[in-house]
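Next come two complexes built around chain A: one with chain B, the other with chain C.
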Partner chain A sequence: MSAMKKSNDPFWWTLFGAGGAMTAMLVPMLLFLIGVATPLGWIEGPSYASVSQVMLHPLTKIAAFFLISLSLFHWAHRFRFTLYDGLQLKHLFQLIAVICYGGAVAGSLVAAYVIW
Partner chain B sequence: MPTNITLEVLRYMPEDGGAPVFQEYEVPLRSDWVVLDALNHVKDHIDGTLSYRWSCRMGVCGSCGMMVNGEPTLTCAAFLESFAPGPIRVEPLAHFPVIRDLVVEGSDFMTKLKDVKPWVIRKEEKPLSEGEYRQTPEELADFKQYSMCINCMLCYSACPVYGLEPGFTGPAALALAQRYNLDNRDQGNEERMELLSNDEGIWSCTMVGECSEVCPKGVDPAGAIQRYKLAGAADWWKSLITRKSK
Partner chain C sequence: MDSSSEYSLHHPKWHRHRTPIFWWVKRWVYICFIGREMTSVAVAYCAVLLTMVYRALQSGPEAYAALMSLLSHPAIIVLHVFALLAVLYHSITWFNLSPKAMVFRLGRWRVPDLMISGGNYAAWLLISGVIAWAYATG
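On to the complex of A and B.
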C-alpha cells in the first residue's frame, strides 16, 4: 500500500450512486408507462396538455433535471472504468476523465437549457 | 458411464528452465471424488513430481484453490462428476506468480491482509476487572458474514481489477476490514478509512462482482466493498464540510 493519495473518487462515486439509484427506480417505470403501455393502448395515458402542464411545474423541472443529469454522471463514471479497464486505456486517464465527466456536465447544461 | 476422466494439469518446473506445459492424467471417475482426490491419486499412483497445496479436504483451510476449467475453485469442493465427461483443466490460481506446478506465491495477499489492520482496535482498553466486551446476537450478525473468509484467494483470482492492478488491496482484505469496521467492539474505522479510502483501496473496485460469485463461503466481498464505499463517500463529504467550516 504505497500510494496514500486522497482519492477524489468519492465525489464522482456519490453522483454515480445517486444516478444509478434514481435511474433504476424511475426510468423503467417511466419507459413502460410512456413508451410502451400508453402507445399500445394498454392504459389511457394523460393528454398532451396535462403532461405539458405537469412538466412546466418548477418541482417537475427540478426532478427531471436531476434525473437526466445524475443518469449522465452514472454513465460517465461507468464508462470511464470501461475505457480504463475494458479497453486498457489507463494511461489516458486524464483525457478519459475529462471526456466522460465533461460529457456529463455538458449534457446536464443542455438538459437545463431545454428544461428552463 | 465412463470409468475414467482426463485431467489436464498445468506443469511448471522452473529448474528445468522450460515453459509451462499441460500434462494429461487419466484418473478413475468416482462419484465420491473431488478434483483434489484426483490430484492426490495422481500424486500417489501416477506422478509423484506433481506439486500442489492442500490440507483439510473440507473447505475450511483455503489451501486448495486452483483454476478448474478456467474458474477459481476450491478443488476439495468440486466433484469430478460435475465435469464429466471431461477433460478437466487444472491450473494455478490466476493473477498470482507461480512457484511450481499448481503452487502460487501468495505473499502479496498476506501483506495486504495485514495492511487493513484486521484486529479489534480500541482507543483505550478497559481494565480486565470490568470484564469482557459483550455483544448481542444482532451486533454479531452485523459482521459475522464477513468473518467467514478462509483466505483461499479465489476472489483475487476472479477479480479482473486485481489482475490489471496488482496494487489493489483486493476483495478479501477489504471484506476483512469491514468485518472489523462493523464490529461494535472495534474503534478503528477512522484509522482504516485513512488507509483504504484511496485509489488503491476501495475506490479501485469497479464492482464487477466476480469475487462474490466465486466465494465458497458466501462472504460477498463485493457487497462489503460497496458498503465501505458508501461509508467512504459519507466520510469524504463530511470532511469537505468540516474543512470548510474551520
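On to the complex of A and C.
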C-alpha cells in the first residue's frame, strides 16, 4: 500500500510530514520517561526546579510549541484520511477537514497560551 | 467521481458498491495500515500531555506534584504503555518509509534506502539517548 496518501494540498502534507518526523524522533523516549519509567519508579524524575529551569527556557518553549503544534497537525492530516478511507466517510469531506485542521489550530493556540 | 464535487438533490439512483466500515479487518496488512494511521491519535495525546506538563510547571510546584501523582495512577500507566507502543510503531514505520520520501543523489549514484532509514534510526537512538541522559542527570 502506498506509504503517503495522495493529497491535493501540499501545505497540509508538509505539516503532516514535519510533525511525523519530529514526533518519531522525540516522543517515544519522552513518553517512556514521563509516562512509564518515572511513575513505576524505574528512574527518579528530576526535581521541579530543574524541570522548570529546562522547560521554561525560551528556546525550549519554542521547541515545545513546535512539537505540540506539529503533532496536532500530523494527527489532523492522518486522522482525516483514516476517517475517509477507514470509515468510508467520504461524503463528510468538508466537515471532517474543518474539524481536524480546526482542532489542530485551536490546540496550537491553547498550547501557545499555556506555554507563554 | 471526485469526492469534493457537489451533489445534486435529485438524481437517479445509480448502483454504488458499498464498502463495509470494517473492510480492513480481513487482511493483516490492512489492519497494520489502519493501526499505523491510528498511531496519530497517540501522537496527538502526547501533545496534550506535554501541554498539561507546561500548565503544571507554570502553576508552581504543588500543581506539578499533583500532576506527577496523577501520572502514577495505575490506569494512567496502562494507558501510557499502550500509547508508548503506538508511538514506537509510528517511529518504526516512519523510519522504514523515510527512503520513499527522502531521495538523495550524489551525481548518478542514489543513496541506498538502507542507508537513509539506517541514518534515521541512528539519529533516533542518539536523540533518545541525549533525552534520557538529560532526564536522568536532572
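The criterion applied here is as follows: the second predicted complex is superposed on the first by the 108 of 116 C-alpha atoms of A that agree within 3 Å, B and C clash if a C-alpha of one lies under 4 Å from a C-alpha of the other, contacts with A are read in each partner's own complex, and residues count from 1 in each chain.
One rule holds in what follows: a residue touches a chain if its C-beta (ideal position, glycine included) is under 8 Å from a C-beta of that chain, and two chains touch if they have at least 3 such contacts.
Model, not experiment: these values are computed from the prediction.
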item	value
Partner chain in contact with A:Pro46 - chain B first, chain C second, else both or neither	second
Partner chain(s) touched by A:Val105 [first = chain B, second = chain C, both, neither]	neither
Touching partner for A:Pro10 - first (chain B), second (chain C), both, neither	first
Touching partner for A:Gln88 - first (chain B), second (chain C), both, neither	both
Touch count on chain A, higher of chain B and chain C	C
Chain B and chain C contact sites that coincide on chain A, given as residue numbers	1, 3-4, 17, 81, 88, 90
Residue ranges of chain C in contact with chain A within the complex	3-4, 7, 19-21, 23-24, 29-30, 33-34, 37-38, 40-41, 43-44, 46-51, 53-55, 57-58, 61, 64-65, 68, 71-72, 76-77, 80-81, 83-84, 87-88, 90-91, 94-95, 97, 100-101, 120, 123-124, 127-128, 131-132, 134-136, 138
Partner chain B, residues of chain A touching it in the complex	1-7, 9-11, 13-14, 17, 81, 85, 88, 90
List of chain A residues in touch with chain C within their complex	1, 3-4, 17, 19-21, 23-36, 38-40, 43, 45-48, 50-52, 54-56, 64, 67-69, 71-72, 74-75, 77-79, 81-82, 84, 86-88, 90-91, 93-94, 107, 110-111, 114-115
List of chain B residues in touch with chain A within their complex	112, 115, 160-161, 164, 167, 169, 194-195, 197-201, 203, 206, 229-230, 232-233, 235-237
